[in-house]
Amino acid sequence: MRLLVINPNISRDVTRLIEAEARRSTRPGTQLTLATAPFGVAYIETRAEAQIGGYAAMQVAAERHVGHDAVVVAAFGDPGLTALREILPIPVVGMTEAALVSACQVGSRFSVIAISQRIQAWYREAIAAHGFADRLASIRALDEPLAHIGRVQEDQGERLVALAERAVQDDGADVLILAGAPLAGLARSVADRLPVPALDGVTCALHQAQTLVDMAVTPPSGGSFAPPPEKGCRGLPEALAGLVGRRIAEAPTSVD
Amino acid sequence: MRLLVINPNISRDVTRLIEAEARRSTRPGTQLTLATAPFGVAYIETRAEAQIGGYAAMQVAAERHVGHDAVVVAAFGDPGLTALREILPIPVVGMTEAALVSACQVGSRFSVIAISQRIQAWYREAIAAHGFADRLASIRALDEPLAHIGRVQEDQGERLVALAERAVQDDGADVLILAGAPLAGLARSVADRLPVPALDGVTCALHQAQTLVDMAVTPPSGGSFAPPPEKGCRGLPEALAGLVGRRIAEAPTSVD
Amino acid sequence: MRLLVINPNISRDVTRLIEAEARRSTRPGTQLTLATAPFGVAYIETRAEAQIGGYAAMQVAAERHVGHDAVVVAAFGDPGLTALREILPIPVVGMTEAALVSACQVGSRFSVIAISQRIQAWYREAIAAHGFADRLASIRALDEPLAHIGRVQEDQGERLVALAERAVQDDGADVLILAGAPLAGLARSVADRLPVPALDGVTCALHQAQTLVDMAVTPPSGGSFAPPPEKGCRGLPEALAGLVGRRIAEAPTSVD
Amino acid sequence: MRLLVINPNISRDVTRLIEAEARRSTRPGTQLTLATAPFGVAYIETRAEAQIGGYAAMQVAAERHVGHDAVVVAAFGDPGLTALREILPIPVVGMTEAALVSACQVGSRFSVIAISQRIQAWYREAIAAHGFADRLASIRALDEPLAHIGRVQEDQGERLVALAERAVQDDGADVLILAGAPLAGLARSVADRLPVPALDGVTCALHQAQTLVDMAVTPPSGGSFAPPPEKGCRGLPEALAGLVGRRIAEAPTSVD
Amino acid sequence: MRLLVINPNISRDVTRLIEAEARRSTRPGTQLTLATAPFGVAYIETRAEAQIGGYAAMQVAAERHVGHDAVVVAAFGDPGLTALREILPIPVVGMTEAALVSACQVGSRFSVIAISQRIQAWYREAIAAHGFADRLASIRALDEPLAHIGRVQEDQGERLVALAERAVQDDGADVLILAGAPLAGLARSVADRLPVPALDGVTCALHQAQTLVDMAVTPPSGGSFAPPPEKGCRGLPEALAGLVGRRIAEAPTSVD
Amino acid sequence: MRLLVINPNISRDVTRLIEAEARRSTRPGTQLTLATAPFGVAYIETRAEAQIGGYAAMQVAAERHVGHDAVVVAAFGDPGLTALREILPIPVVGMTEAALVSACQVGSRFSVIAISQRIQAWYREAIAAHGFADRLASIRALDEPLAHIGRVQEDQGERLVALAERAVQDDGADVLILAGAPLAGLARSVADRLPVPALDGVTCALHQAQTLVDMAVTPPSGGSFAPPPEKGCRGLPEALAGLVGRRIAEAPTSVD
């Protein structure tokens, strides 16, 4: 099978981290296409950045999904996830959602370890939107500016482990989610130092994507994830326009 | 005061409906700027269309907010609302949120009357994301294709009133929200035929926007709505780039 | 327009604080009538005191609402609010509810700063009853007896600011509600010392009341806020009896 | 032991129904004092009427509780319940709460059978305030005006049974609560016609009251049900003033 | 009346604690049968142990309930409670549920004081399953291994009291539940040292059981607690088989 | 890898259905051991039957898990799931939980199609216990007695499809879960007749189990799923005793 993995941020360093971990999570015969957002920000910490990253992910997916069996959105918070699910005829998996559903099968309550204080509000809202707020034991986050988003594991590894230990001891976490693409691979490298299972979003997402392809789930023709009703659109990149509507000439009465 | 009212859809017919109702809701001295999304779809029914409309609203707001005292996002579901609140130094009001907070002050439970079956899932999720799911008595929607989005009130007025009456009788609604910019003004024109108050999103939004300007709320320097931390960005329209990050030259190590 | 502002407590000092702040929140042409409860307690901290204050507010409103366009209940916790909404033909606004709906339009999570430890349980229950428990980041309260309820701002201002700062730093508040009529005006005087917007209940209530009057919401003839079914009553003040029932002579079979 | 049973409504017919059912629920040695509200309405259907009834119950309790071991508030919706719990040194039991906690021990989900359409909103909110909304299968109610509140069982018995049967078949109720003091005794008389247990609020309340007295629970000196902090009060009946505050002379600075 | 009290653990020391406290909670004429699980663990701290204890309780109840008027499951967490309610024709009361419903009638929020750190997750899930999560202020637990489960009160009494005090001061508890059969009787012995009422699960359960018997609740023939549909079973103890199904000969087609 | 698939019911017909579907869901190199409960009932519809099935699953797992890489509990409702997760050193997957987490990745709201009216309460509670109640659109169930549990698909296929269609049209389901081991394989055979994806619990469980094995999640030494603290036990099958405690000789003081 062939999977399209989209980094909704512009950082190719992070795309490389994602790719390295993704390759460890593929089965024989699974091929990967990695794509980096052509526009947006270095990494997503806020609702505004997620709104941009979600639209970038839509554009990338629209242009490149043909020939793939599933799409993975590889930024914590899953920007654009449900939007993509509506318009693509193949399964779409989010890093956060994949980590959450894996965590639920390993323990009752999970904590999220994050790379910045600011990122917590967006994570909390993303987890709640997925419906898992009741199982969230805590979010614990680094509280210093990051010198380099592609080297946060090397620079801050010890601090991240310390946060994880407190989440288990003080917050009652049964599972840890080391969150955000910049931490891709950390769960694996520190697993033996932690008292509970630590999950990596990229790993979870790749496994869930392969599982959904294996299950050969039929695309919906009804329900709220059927393809959107065709309607007029304007100014969208051609591939995206093809998925969400019929192109409108420059000045029709109805939309002008 | 001066308010920027953004239609996140491309339909100028709908912008005109919004404008007409908005002008009825302004106080002496309030001036309006109306703006229509330069790209996107004719009207938002789905999560995908909302993701596009939210990004379009960000672009419009970034380019045009200077000189205004508040921004109104004029599509039900409030695409881009919290994103705009993070990046703009002035209050941002959403049509849905404004209708919800008004409804809460008029009754205990509300029903939403909507223009299409498909739109219900997105509305339900938007209401839940705002935290008002427990007060939602029901969503009732038209079940026929719309011939013309700018004339839905004339074409479907009787059916909409009938749905509203059932929401009160059968679902226990104390208040009705006639939802979606294409219904702007309908609440006013049918108010005397309905047994409970009917709210118009545009009207509510304009009033809440003027109220927030009157209150002169200080923009935050802390909390999760402080301006996003400055970070590298690429490929964003200049005005938006100025609000979310520092522009990155074409190929720096960290994002390439 | 003309607004009736009811202090459900007996403290005229507090009524004066409310009035001063209320006058700052009125638009040209808005006239205020201030009323102090004729019976009850000095300020409401408990469920019992709220039950008394709510009934006092009903009596005052019944006697004095004629000639007004809306009523404001000016005690945190909104004693009697939904009761008044059922029996009066004009909008009724509560200080707490108005602050909550304003807070929701400024940030995602709010903290409440309160004047006593004891008051927290009542506030928490009032916020939950309004349906906003999920957005409550914390309640933080003074922990010393108040020397004089009319001078708490002067006596305890620095401590209140310190509590507010901790709510932002430690509890994740995006907005602060400085709660209780005795703190009327404090949000304005300390706004520039706080990292996030601080809301004043009186200010919010006055603005929401003017907004509801502007919107000319139709009084309900159906739903659960229609006028209560007429039924026998006894021993109620005449004005209140006129709103809730038909007066019963001394010993009819059915109620004797 | 001696129990004070308060009807927060003015209908002595209903007090007699309550008394008859209450006497069937007492154990040897339990003595009852029945009291009818001296002011208020014929029966409580709305939030406004509950606000009045709650205050009436406070007055009655303040004046008559001495010499009793517990108090029962005998109107569905429990007007004034938590207020009474704060100010009285003895247990206070509510008809609704007692029925809810009994229902929980008999099944998973319950339905409430009620005497009027209008009463449903108030019941729903009362059940939610007690924290039992998730276990509420449905509320089903008569939809005709009641000719005589003291004879609703005779007049409407068959209809009430039919509503109960539908709640089991269609709504998934494991238990039925025949709600409201005017239905006191009905559960007993129709029990053998219903497929699931039917609970009577008066019966449940009397049993829970006797149980709490048996358990000799210590009155709190801390927590949010400790006696309210003493504070100035005015215009309250003497007994009530003695429970909530220290009486203030006519015109002290602080409250004038 | 005659009550069957089942200790779902194998510790007879604990059965004796339960019995002593149970006898203090019976009224004249109430007779007790105490039963200890014939298999299982010394005391239940985990989901696994509760699964075993629940099945043991089913066996004991099936074998011994005849001739009794109600059954009490005397381990915190109520192992097997709803299962027993389905198969027995008499009321079944759980220690936890009885403590929770009693707590609700005494205060708004309760804390649970527990005997081990590990036991907290199971308690938290049991309380949530009963639907009382929103009223749980906190769980506080001893953090040292227990030398002897039958002497934990003597060994750890002071520490338990200290935990209780912190729950009131820091967590906002209005009521305390001293949880677990090994603490049976502690609430009584330390009541006068605590600022809020402290409840004992055994006491609450015995009182609620007697109350349910007094109320003579009809066993259901419908709803989800009607006797399970008869179906094939195998390998169950005879008494239990008689309650859940019809015995199947060794190798019928359908189950082989 | 080698997976142990446990049917917690005694019906070997159903085990064969499970096995057939399970074999379709394994990847090359995955080997299956199927096990049928040695005691219990023909199929689980109630809380009581689930309590028995959960204990049977514990015994089977204890005796047979060695040499396997993961365990699958193959009955809807997941009897014994969290208990097994505590005591086994390998991943444990439940049919329901696996279907729920798969459903969440395919749509927003799901409906469950079930084989009997009675089973609905147990399913609803199981789904709520897993934390997915908010995403449950409906449960729809057959309402006739089942002639033969092993042939329900052939006998009732059309009716089940009709229920599924109504769940999409009337209840807003985006995904369907055809629930219960007796329906294993039905989702596959009717997929092309349904407007939204239909999931099979056995299929989902096998895929999730293989995924968890692939991810090589570390067993916890901390948190609430660490092995239970060793404690005395009695009367348990040897293998189970080895997992939950240290065996106690016949009559030690502490447990006698």
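Each chain carries a letter (A, B, C, D, E and F) given by its place in the written order, and its residues are counted from 1.
Here is the rule we go by: a residue touches a chain if its C-beta (ideal position, glycine included) is under 8 Å from a C-beta of that chain, and two chains touch if they have at least 3 such contacts.
From a predicted model like this one, the values you see are computed outputs, not experimental measurements.
Taking the definition of touch as given, a chain qualifies here only if it contacts subunit A and subunit B alike; those chains are C, F. Among the other chains, E has the CA centre that is most remote from the centre of subunit B. Between E-F and C-E, more C-beta contact pairs join the chains of E-F. Averaging Cα atoms per chain gives one point for each, and the point farthest from that of subunit A is the centre of D. We define each chain's centre as the mean of its Cα atoms; on that basis subunit D and subunit F are separated by 44 Å.
Averaged C-alpha coordinates give centres for subunit C and subunit D that are 27 Å from one another.
In subunit E, the positions touching at least two other chains are 82, 85, 108-109, 120-121, 125, 172, 174, 224.
Contacting chain pairs in the structure are A-B, A-C, A-E, A-F, B-C, B-D, B-F, C-D, C-E, D-E, D-F, E-F. Residue ranges on subunit C touching subunit B, taken from their complex, read 25, 27, 82, 85, 91, 93, 97-98, 101-102, 104-109, 130-132, 134-135, 168-169, 172-175, 191-192, 194-199, 203-204, 207-208, 210-212, 214-215, 217-226.
Subunit A meets subunit E in the complex at residues 108-109, 172, 174.
Residue ranges of subunit F in contact with subunit D, taken from their complex: 120-121, 125. By the touch criterion given at the top, residues 10-13, 38-43, 45-52, 54-55, 58, 80, 82-87, 116, 118, 120-122, 125, 129, 145, 148-150, 224, 228-229, 231-236, 240, 243-245, 248, 253-256 of subunit D touch subunit C in their complex.
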